[in-house]
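As written, the chains take the letters A, B and C, and residue 1 is the first residue of each chain.
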Amino acid sequence: MGLLATLLIFGVSLSLASAERPMRRSLVFPMETDNSYVELVPQKDLDMGAFTLCMRVATELAEGNREIILFAYRTLYHDELNVWREADGRYGLYLSGDGVLFHLPELNTFQTHLCLTWDSKLGMAAFHVDGKRSIRKVYKPGHKVQKGGKVILGQDPDSFLKDFDSKQSFIGEITDVNMWDYVLSDAMIEALHVGKRMPRGNIFDWETIELIVNGNVKVITEEL
Amino acid sequence: MGLLATLLIFGVSLSLASAERPMRRSLVFPMETDNSYVELVPQKDLDMGAFTLCMRVATELAEGNREIILFAYRTLYHDELNVWREADGRYGLYLSGDGVLFHLPELNTFQTHLCLTWDSKLGMAAFHVDGKRSIRKVYKPGHKVQKGGKVILGQDPDSFLKDFDSKQSFIGEITDVNMWDYVLSDAMIEALHVGKRMPRGNIFDWETIELIVNGNVKVITEEL
Amino acid sequence: MGLLATLLIFGVSLSLASAERPMRRSLVFPMETDNSYVELVPQKDLDMGAFTLCMRVATELAEGNREIILFAYRTLYHDELNVWREADGRYGLYLSGDGVLFHLPELNTFQTHLCLTWDSKLGMAAFHVDGKRSIRKVYKPGHKVQKGGKVILGQDPDSFLKDFDSKQSFIGEITDVNMWDYVLSDAMIEALHVGKRMPRGNIFDWETIELIVNGNVKVITEEL
């Protein structure tokens, strides 16, 4: 009887806890600048033979035809891992050199869930847009992403965290940036898209990530 | 036994009651005029440091490239809060002066659920189209909407409820106009979009609102 | 107590079993070549007065305007059963001679479930795109598909498994290719589209099919 009561109370408190809506930070980049960006502090080195990178992005820039930087990881001398929306509307992944390009639906003012997977073994790279995977493309098998750099959102550094070009800057909103040093399955990425919050990123976990804001970027906390 | 029968009958009558479909008024603006409009009588002053404004709109005008007035709140000397579909297809919010513009999907002959939120604190403004939020834009932080004016649908008054331009008038249907003097969460606006009728607007509540019709506007009552 | 323990263990093992996700092979054609293709070994002769052919296809080639070979069954002297995406964007079925063309949605970087049915009796041919059937067109009533050839994906053989043209080759991903020597109902094809794995193809069954890979084609095994 005592045990049953305990179990029931435990059950109730669990339900109450799960009824509280989770909160999430969102980064608002309100205008074109050459000095506004957010540095993401990783939980461990970006020393990777494979990765999954996800984020939710909304921008009205894709109406035009300029480059838009979506993610930049730069070490002292190299652009280690950059993600672009190109001037011609395609999407590009660049791992230290020439990139691989994909034809995806345009970003727009509503939130798009964008993921990117790459594995060194076969060199398979693919985007996932709102839970749907693009074709896989073979890109840099055997390559490795090097540690020791910095990840920023909002600008493309042409040298180590300097030399930003406002015409490549991001305007709009970015949230829920997570990174894993392995490839998530299509089904897991679809689950993340519709709101599942597991598995948490082991390189970047947006729920606990430390953000260093520079310039004109607003950090909004919103209910999910 | 008698009690059980009573309960069953009671249960049946409840079900019948809930089977009655709610009714809603809809405003039909059948043609281009410079004198047809509907005044909305608010429940309290539009004395606001934040707001949410929602409506359901259908129009074929967006096929062309003229301005379309969607909502006008004017005091004696100022356009306090105007919402436009611009000639170039963008959507604009104007709080007493220059506006902020958004790239949204075009309105069309079917009903679009359109909401707009703004908060004085950070100046965050966003549209919600059929439950999906646009990017947030920073617009007039610290500003306040002033009381003492009148809200009309169908025309843009260039002076206090006069000087209408037929080429800016609204043609089509508007219904379910609600306004709150605070910002509703994304989840609440998504719930309104799919038909939830809470929370009711505290500035305008379409279920009880007093409408003053001028010129050629039809008020239709429809089942939901 | 012993029984309960047994049931619990049984329950756990069942859950574990159902947690195992089925795997599926996918063919990645990474680049334009005139020598990369995959031969599909059938379970029985393609000696058919009717058929259903299904596959899941993703390609970015449909952005351009060149021919794309989707399926080629050739006997020594004839193209017995070819499926094309034409240069003008239409889709064509060719049974040994002139083809029949359909206007379908464009293929894209996400997976499209494409089926094709044909019956000799009335000559009814139709495509099914993501579970939705096109109009039926009358094509070669009384005709019969002849046995004795080979089925390949990735190239169009202008002679028996030779004379490939890189500008007709397939680039992208193909998986879940199944063929029946009868016409499946619209409802069955819709069920296949959303993931039902019955009925298994009696000409080609992707779960057990023998694949002979030539040139630069990657065979990926993915979780469903």
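One rule holds in what follows: a contact is a pair of C-beta atoms (placed from the backbone, for glycine too) under 8 Å apart; a residue touches a chain by one contact, two chains touch by 3 or more.
Protein identities per chain, from UniProt: A, B, C = Pentraxin family member.
Note that the structure is predicted; figures quoted are calculated from it, not measured.
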Walk from chain B over to chain C along touching chains and report the minimum step count. 2
Would you mind checking which chain's mean C-alpha position lies nearest the centre of all protein C-alpha atoms? A
Could you say what rotation angle superposes chain A on its sequence twin chain B, using C-alpha positions and rounding to the nearest 5°? 90
Whole-Å separation of chain centres (CA-atom averages), chain B against chain C: 50
Cα centroid separation between chain A and chain C, in whole Å? 34
Complex contacts: residues of chain B adjacent to chain A: 102-104, 122, 124, 127, 129, 132-138, 185-187
Quick one: in the complex, what on chain C touches chain A? 21, 26, 28, 30-31, 58-60, 63, 108-111, 172-173, 218, 220, 222-224
